[in-house]
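Handing you a structure now.
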Amino acid sequence: MAWFLARLVLRNCFRHPLRTALTALGIIVAITAFGLLRTTVDAWYAGAEASSASRLVVRNKNSLMFPLPLYYRNRIEQLEGVKSVSYADWFGGIYIDRKNFFPQFAVEPLSYFPMYPEFVVPPEQMKAFQLDRRGAIVGRKTAEKYGWKVGDQIPLIGTVFAGNWSFVLRGIYHGADARTDESQFFFHWDNLNETVKRILPDKANQVGIFLVALEDPSTAPALSKQIDGMFANSRAETLSETEKAFQLSFVAMTEAILLVIQVVSFLIIVIIMAVMANTMAMTARERRREYATLKAIGFEDHHVVALIAGESLLISLAGGAIGIWLLYPLAAWVGHRFATIFPIFIVSDRTPLAAAAMAALIGVVAACAPAWRAATLKVADGFRALG
Amino acid sequence: MAVAEPPIVEIVGLAKSYRRGDQVVPVLQDINLSMTRGEFVALMGPSGSGKSTLLNLIAGIDTPDRGRLAIEGVDITGLSEGELARWRAEHVGFIFQFYNLMPVLSAFENVELPLLLTRLDRRRRREHVQLVLELVGLADRADHYPSQLSGGQQQRVAIARALVSDPTIIVADEPTGDLDRQSAREILDLMESLNERLAKTIIMVTHDHLAAERAHVVRHLDKGVLTDRIERPRARATG
Amino acid sequence: MTGVPLAYIFRNLWVRKLTTALTAGGMALVVFVFAAVLMLAAGLEKTLVETGVDDNVVVIRRSAETEIQSTVDREQASLVAARPEIATARDGSPLASKETVVLVVLPKRGSENPSNVTIRGLSSTGIALRDQVRIVEGRMFRPGTSEVVAGSRIAEGFKGAGLGESITIAGKTWTVVGVFDAGGSGFASELWGDTDQMMQAFRRTAFSSVIFRLAPGTDYARLRKVLEDDQRLTVEVHRETAFYAKQSELMSSFLSVLGSILSTIFSIGAIIGAMITMYAAVANRTAEIGTLRALGFRRVNILVAFLVEALLLSLVGGLAGLGLASLLQFYTVSTMNWQTFAELSFAFSMNARVVMQSLAFALFMGLAGGFLPAVRAARLDIVDALRSV
């Protein structure tokens, strides 16, 4: 029986090839769009995903645009449970044109990279970088995008730190895995500080954030409190949190946009649900007489329901499968095209599952009304000619 | 004929009405009817007389408001939808005016449909289907789809489908209504031979006098009431 | 229209209520999304246009891009403020305001999520330069005190920013003594206080920007060149309107890219829905089409009848979608502007252009979905059509 029903479902699908194809096409588009939008949301969180809960970020309590004095470093380092402390400044320079965006940080060259093992730099390049005060290290993607090679001069125009800057590329880092951001640019914090001393003396010896590596991640809450307590009521109060929480607070600032994207990703599912429900309603209405015949012969309601639900699910799942299959090359293309906005644009493992669930949901919901009608159809009524 | 056989269809005081808006329209009033095994009954009457409704009630695809309706001694008026479906699968074979074949199934598969509701295995089903297709003279068309068959051939496939599970009664609703004269005659010949050679009990609704002539008994319905009864005794093979 | 009567077309839609509702419903959602994105872009534009006053000029440090990144030291600020091209107030003082702009982190009401809020330190001249700002609750802050006034969006959205509440920033407690309405402008997303107090609290020695009003008849382009070429100054000069528009370029282009991508994807779905519905309509009414043709209607009449049916369907969907979208006008979106890192609020805004574009979009979907089926209907052979049941 199951075998027979399956065969009948399959053949029914091909009775209106154009209608089936159009419906499936709609589902393909919807499922692919759903997957891409979900991946966009994931990309938004990629920075937070990749960040560690065993590192703390210490910043000025007022906001990130206020710096902290450099000497805080020693005081933090002396705390029990702190493995190492590094520091960084957001540079925000422009490479030739404002459109060429990539993140730039002035970092302390000796302590920064050991804290981020995901940035893989060949040892000799690292050495060359550490020895050159004007040196810089850049991610593979950015280097490839602008055709930079080790030894090249990189000019940047400062926005936060005014002036024309020039760096010598000493190394190119690779990500340890696909989820590492390969677009960042690093240079010596001392290089920055020297210029600041000259042009804005009262901003010298100040850093944007401290990065604190912990011996034991479970001590993060206690140490955060300890650090903030240590500098309470000073002229630069601190706010410490794990790197993950720090990144998430950035995401939260644009949560309205995230919300819109999420709402939209579900709306498209609802729209295609209406399209599919319409297809199934029309199909079932045309087959009323057949359902009545089957029931007259002795087939029961659940057989007829299985026929309708089967057809609906077959179309929606087939469309969903193709949609998911298309998602990967499309995501790769989007990731490449919008690399400056989304350095990490990878379809997560959960996305195809969610997309498949949505495809199944479309099939089930679309089948509901016609299946209910067919099940409650009185056999005698089914034979009355009606359209 | 004098031998007292238990009736295969026994209808006592059957009534059915429909609701149209807030008006109750009586369709059948106090129907009494009885059929014996191997009988071939034709129901005639003007449209709206309730003959199709009566046929639907006997076939168990509609339920009466009151009265007794027993097939082989079992009163089916009290059965639930599911029970009725199972009952139909076992006891009723249908022949429709518009054949009602599944367009996506071949002749063979259409005939096989009722057998899917039985416990027969694949091999046995195949045997049964081939047997009835031969009986209706379409063994060579088993792989054809309805759209590849003429109206008469489609109706023969439908008859094969009605026959294949060896039901207690066969109900036919205007079986020749959509056919040309020649095909209609062939279908009636076939039904007659089923009745005579296989002793199938048939109840048929028809407008067509030529069709009604083939039955043993012709009952007329008018405004929901059975009126006259014409018997046309004829030699019949006892099976 | 000489052709198939409209009543026939309309009733055909009415008879198949479920199908009509589902198809029009799908289209309504698509139009809703389309209109929503347009409304968002229109709202952002409205906010930016209203933030700037055309005669106002913003001076910031060269290549600083935003007031927050900019520092203009006292000396340079005074040089700028002393220009003769600056309009004067009734008392003869120049209409120029030296301002301090910083970002501080404040928790949002409800979610407690921290977000960056712009705090602007200004003088009474600075307030006078913003014609669109008016106090709606409480009063203006008094110079020389730690009083602040909050833009209406900030007062609503952030903890401690309501009238009579207070916030602690930079180790100092600031009391909110007033709430101001700033029209639809971006100032509604700012906190304002006394500039000297701010500089003290944030340990600033330099201003962020200088804002001034152009004296009537001033040649702006020339003034700009003079200021930017001045050896003593390292500044860039912008008209206020252009300055704010530029600050949201990224957000604007993001919205327009998002809008066009979504509209394209979504309309494919809706066009397919319309196509399926219309093909089925043609298939179900083949005999009717044959009858109409036999009665003397021409192919073109049939084509038009089905196109009109599709257009009617999409018009219903479009109107429903717009109706739904018009409810969005009660909502305000607040998000971080990527260019300034500061919170920016703007409302969904519906205007005639949004309405026209959305309806045109809906009709386009109807036309695109209905065309092929209508052609099929028109090309049916009379005899074949009549024979079909």
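A, B and C are the chain letters, set down in written order, and residue numbers restart from 1 in every chain.
Here is the rule we use: contacts are C-beta pairs under 8 Å (C-beta built on N, C-alpha and C of every residue); 3 or more make two chains touch, one makes a residue touch a chain.
None of these values were measured; they are calculated from a predicted model.
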Q: Give the chain pair that accounts for the most C-beta pairs in contact.
A: A-C
**Q.** Farthest chain (mean CA position) relative to chain A
**A.** B
Q) In terms of CA centres, which chain lies closest to the overall middle? A) A
Q: For chain A and chain B, let me know how many angstrom lie between their CA-based centres, rounded off.
A: 65
Q) From the C-alpha centre of chain B to that of chain C, how far is it in Å? A) 70
Q: Take the average of all CA coordinates in chain A, do the same for chain C, and state the distance between these two points in whole angstrom.
A: 25
**Q.** In the complex, chain B residues that touch chain A
**A.** 53, 56, 59, 61-62, 81-82, 85-90, 92, 94, 96, 98, 100, 102-105, 109, 113-114, 116-117, 161, 173
Q. Can you name the residues of chain A that touch chain B in the complex?
A. 1, 4, 8, 11-12, 14-15, 289-290, 292-301, 378-380, 383
(Q) Taking the touch rule as given, give the residues of chain C at its contact with chain A in the complex, in rising order. (A) 18-19, 22-23, 25-26, 29-30, 32-33, 61-65, 68-69, 71, 102-105, 111, 113-116, 169-171, 202-203, 205, 234, 262, 265-266, 268-270, 272-273, 275-277, 279-280, 284, 333-336, 338, 341, 343
Q: Sort out for me which residues of chain A touch chain C in the complex.
A: 18-19, 22-23, 25-26, 29-30, 33, 61-66, 92, 94, 157-160, 162, 200, 202, 233, 235, 237, 239, 249, 252-257, 260, 264, 267-268, 270-272, 274-275, 277-279, 281-282, 286, 369, 387
